[in-house]
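After this come two complexes, each holding subunit A, first together with subunit B and then together with subunit C.
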Partner chain A sequence: MMAEPLLAIEDLRTYFYSRSKRAFIRSVDGVSLAVAKGETLGIVGESGSGKSITAMSVMGLVSAGPGVISGRIGFRSDRVERQLLEGLDTCVALRREGGRVMAVEKDDDRWAGQVEKNMTGIRGREISMIFQNPKQSLNPFETVGRQITEAIMLHTSHKIEQEAKEKAIEWLDRVKIDSPRLRFDNHPFGLSGGMCQRAMIAMALSCEPHLLIADEPTTGLDATIQSKIVDLLAELKSELGITTMLISHDIGIIGRLSDTVAVMYGGTVVESGPAKDVLSCSPEGKHPYTAALLASIPSSDAVREKGHLQAIEGDVLDTINIPAGCRFYGRCSRVTDKIREKCDKQEPDLREIASGRRVRCWLYFE
Partner chain B sequence: MSKTILEVVDLKKHFTHQRGIFSALQEKMRSIPAVDGVSFYLKENETVGLVGESGCGKTTIGRTILRLERPTSGKVIFDGRDITLLSTDELRGLRGRMQMIFQDLDAALNPKMRIRDILTEAIGVHHRLTDAETEKRIAELLDQVNLKKSKLTNFPHELSGGEKRRVGVARVLSVGAQFIVADEPTSALDVSIQAQVVNLLRDLQKRLGLTFLFISHDLRVVELMSHKVAVMYLGKIVEMGMSDKIARAPHHPYTHILWSSLTEKQSREVAKRAVSVQAGRWGVFDFERPAAGCRFAPRCPVYESKGRPAVCTEPATEPQLVELDGGHRVACHFPL
Partner chain C sequence: MKLTAIRPVGIVLVRELSLTMLLLLGVSALVFLILYLSPGDPFSVLLEGQSLSEEARSGIRQAMGIERSWYGQYFHWVSGMVRGDFGASVRTGLPVLSEVLRTGINTLILTLGSLLVTLLIAAPIAIRSAMRGMSKATWSFTILSYVISALPVFWLGYIVIYFFTHKLGLFPLAFGFATGAKKWLYLLLPIFVLGIGNGTISEVIRTLREEMGRVMEEDYIRTARAKGASVWKHAFKEGFLIPVTEIIAAKIPFILGGAVIVEQVFNWPGMGRMAWQAAQDRDYPVIMGIAIVAAVLVRLGSLFQSVVYVMVNPRASKE
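Right after this comes the complex of A and B.
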């Protein structure tokens, strides 16, 4: 039985209206996830599968003009209990003509106000986020130390600057930055990519949030630095017991750090379950996409024998023209004649096939 | 024994830059040794992989070999001729045989040209063909890279990453290139698409007898693609040998760390972590003032464990590539 979820996402849909195409880009299309207290949920998927947009929806960062969110995101810690999407639907109206959405009318000011109302006391304090590109996420005009100090003063009870500064240095030390007192006064450009990412992690954790969202924390870093950052995250995880939502396209990292894993494809979760089951080598009981994804990674054996890699034919799903049937049908190699009709016409739902394991595939439904 | 198609001898490329207008007046130029004395050779129908962290000079080597950059010193001998001495006209003739697959998919294809025009133009530069022959050649190329004919009328932005990469490969093949520098051809692609591209490149090599210099930071892909691998650190090759030797029995501490960081990341259970030798300090390195002696010493765990021997940091005793056994070469005073 799953422990009480800290964050529960139900049927989240985040669409962006494209005026030139006169259609919705369905980036996130019906995602349900739960992150239990103290555990790490890994979300894997290829680019465009909706991983980052899911995280941004949780953080209330989908505020720009054409973005529309529906669904429920419940957050519940010992300090706060709140619905993060409350009232957002009233800020948007869709203008339809003959069943087709022609335009999105969105009251941006009211939307922004509502997001602020929902997120006050949550963003930074309860949920904080590490972004993909550390160098671009830090303010280039401020020293790293000041940026962390600012976050601490804003979100925690340390309101005196000197006190917050000491706290910031302590955190820089905890994320293993050499001579933190000196680095405190460095600007982001004076730090390497790996150090910037450490500083980001320090900033995110300095307010002692309940939930940490790490969006591709190692992408764009060198292999040696990547493994250092993964080590650091693993260490902090066991030390602080912080609940984490880890997003990455790198299955190796997800496998190292996660307790449960959700695999996303074309805006939906196609499979979820305990990490060791979902990422195990056998294709048994797996969504064909997960199996193919795992097979397309050059394994040590394949590399040794210089064998042919198993590529997934076809291309990543176009999120505007989503087919009526299974999203993976066009690229799937495990369709049997018995279920072909269903795969083509009807989208399967995410069903539990074994305890804790849910798969969205007709193959396993009888 | 196949013949050597390309030989690089003590190649150096130093970039210079000025800091502020006053240093320019004083003619004080700072020099960055992006590539600092690199030698290797490529045999026909062979792939040599070039790995290293970002900023170690991999791409600069690729560009200098093709004379997209003029080398500071050293020789690049392609098919018996030193191309560093050739004039622009003479180079143009050679360009038909040596080409580069660029890293940035979007920057490499002209956004205002249709795929058909991109390929036609490339064919037209090096070969005089009639329209019908060009058409036939394009069909042949599309077949070789597995691209649908319907994509010919598309613009680059209408294609997915994998398709753009295929167009890039088709363009390189269109001029009849035999030697190809592939600069990070699989980065920026999703894993499932990455596998398609790796398979494609290997098929083409088998069918057309191509020679690749394969530059990548993705160690697994390099190992899979290459016969030989050269590991670079700060502008120098620190180890070179057959790819399976490099991956499984490395002698240089840096190579060891590179590959163990991979397995460590890959291992699915935390308990199964590889024994790590990563005790060295991992700070920022200063390219303008590389450490005296061995450049890797400040980060090297072996240097630490040996009690910081002076031989590693003496400028006079900078380690040179030494052959160990069976063509495996390593630049280290204390090979593992």
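Right after this comes the complex of A and C.
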């Protein structure tokens, strides 16, 4: 039995309407996830599987023109309890013709207003987020220090600038930026990518949020920097015990930091459960996609031999023309004759196969 | 402001000023050449219809400096200009520089005022639609502004005058007649006509919306949203301040052109009307003086833009 979840996502569907194709790109297509207090949920999957859009939906960052969201996202801490998607459906009208969506009318203005309303007091204060591309994620026109100070003054009881500044420097020190007092006055362009990510982490944690969402926090950084950032996150995790939603395509990083893991494919969760079970070595007893992902981690020997990384064969799912059957069917190597018919025609649901373990695959439903 | 931030501004100032010097030299040479090659001279305009002896004519010519060769005239004029002496108007005999500066102030008021009007109308529409998406209100304002921007400024000016004088009987036709509230009306109407009719509203809306829209897609704006900070505050420098200064710098020449017309229509005692008159009179010193002052105004716009850019952009000031 899981502890009271801090964040509960139920049947989240985030679609982008493509005018030219007269159809929805179903980036997130029925995701249900829960993050329990104090735990780290790792979300892993190839790029394009809908991980970032899931996180952006939680943060109310899917405001771009064609984005449409449905489902429920409940957030509940000791300070607030809120439905984060409240009222968004009333801002969108669909015009259908013969089952096909011909037009989406979205009142962007009202949508933006509703998102603001849902997210005030949440963003930065209850939930913080860090991103891929730390350098671009910091405002290039402001010093790093002032950006952190701003967050502290917005969300904590430190309302006096000098006081907030001292706090910011403390946090810069805490994320292991050396000479934090000097770095405080640096603009992002004067810092390396790794330092910028440290500053982003400092900014995100400085308001002592209940939930941290880290979307590909190490992607794009040099390998050595990557492992240092992972070390830092691990250290902060044990120090602060902050609830975290960690997103990465890198199953190694997910394995190091997560308590629970959800594997995403084609906009859905195909497997979830305790990290040690999901990521254990034997390919049996896990979803074929998870097994393939694990197999694609190059051992250093393999890389040396082949000189390249082995990815999973086949292409990432086309999220417009989703097949009727299992989304992984076209790439799956474990289909047996017994279930072939089902794999092809009918989508499996996400079923509990053991305590806390859920898999979306016909192999396990016999 | 920190000392480190002043140095780059100084560099920009020096660069802009030397550019301006070169430009002024070029402008003066070009204007001079055009005047020299165009038929007629101030002398013949001045003496039109009068019969004078050949002796008297050459005497006047000599006094006016027209006897010299063209390059002689040019260098005479440039060397005067360097000393701050732009010569005297052929028509009125008044010193050109003080006359042009006196009318130049009026033109500056008209130009900057109309720019302000343009921005006050265009910016809210552009910013709102870039930040919140197009709503019915922003759509209608945008379309309306495009229609208005297509109206020629002289036509708009006459319509306004017709309406105020003939329908409302409000409008004095010559500057300085009115007192009190009417005086303000006289001041504001031309500014509004030029601000609305100079054709830049739709352009400013488009440019600002594009720039702000681009900035809205930037990662750091997403961060601002995610941390619950004001998006406008974070987008202000790149999405508003820099593009607005660019627009101002780029639009000043066009608005000066529009000012010539508005000053004619509204009898506004500015540099544009003076230029018009001087062109009719072939009043070379005045034309040259106005060309120089107008060029300086244009350069000031670009100087303003560069200074703002270095002050705002930490990166530019490090380079």
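The rule is simple: the second predicted complex is superposed on the first by the 354 of 366 C-alpha atoms of A that agree within 3 Å, B and C clash if a C-alpha of one lies under 4 Å from a C-alpha of the other, contacts with A are read in each partner's own complex, and residues count from 1 in each chain.
Note that in this section a residue touches a chain if its C-beta (ideal position, glycine included) is under 8 Å from a C-beta of that chain, and two chains touch if they have at least 3 such contacts.
Owing to the predicted nature of the structure, the values given are computational and were not obtained by experimental measurement.
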Contacts of A:194 with subunit B and subunit C, given as first, second, both or neither: first
Partner chain(s) touched by A:297 [first = subunit B, second = subunit C, both, neither]: first
First, second, both or neither for A:202, with subunit B first and subunit C second: neither
Partner chain in contact with A:234 - subunit B first, subunit C second, else both or neither: first
First, second, both or neither for A:223, with subunit B first and subunit C second: first
Contacts of A:256 with subunit B and subunit C, given as first, second, both or neither: first
Partner chain(s) touched by A:278 [first = subunit B, second = subunit C, both, neither]: neither
Set of subunit A residues, in rising order, touched by both subunit B and subunit C: none
Complex contact set, residues of subunit B against subunit A: 53-54, 160, 162-163, 190-196, 198-199, 202, 217, 219-221, 223-224, 244, 247, 257-258, 261-270, 278, 281-284
Contact set on subunit C toward subunit A in their complex: 131-135, 218-220, 222-229, 234, 237-238, 312-315, 318
Residues of subunit A defined as touching subunit B within the complex: 46-47, 178, 191-192, 194-195, 222-228, 230, 234, 249-253, 255-256, 275-276, 279, 292-293, 296-298, 300, 302-304, 306, 308-313, 315-316
Subunit A residues touching subunit C - in the complex, by the definition given at the top: 59-61, 65, 107-109, 111-113, 119-125, 128-129, 131, 133, 136-143, 150-151, 154-155, 187, 189-190, 200, 203-204, 207
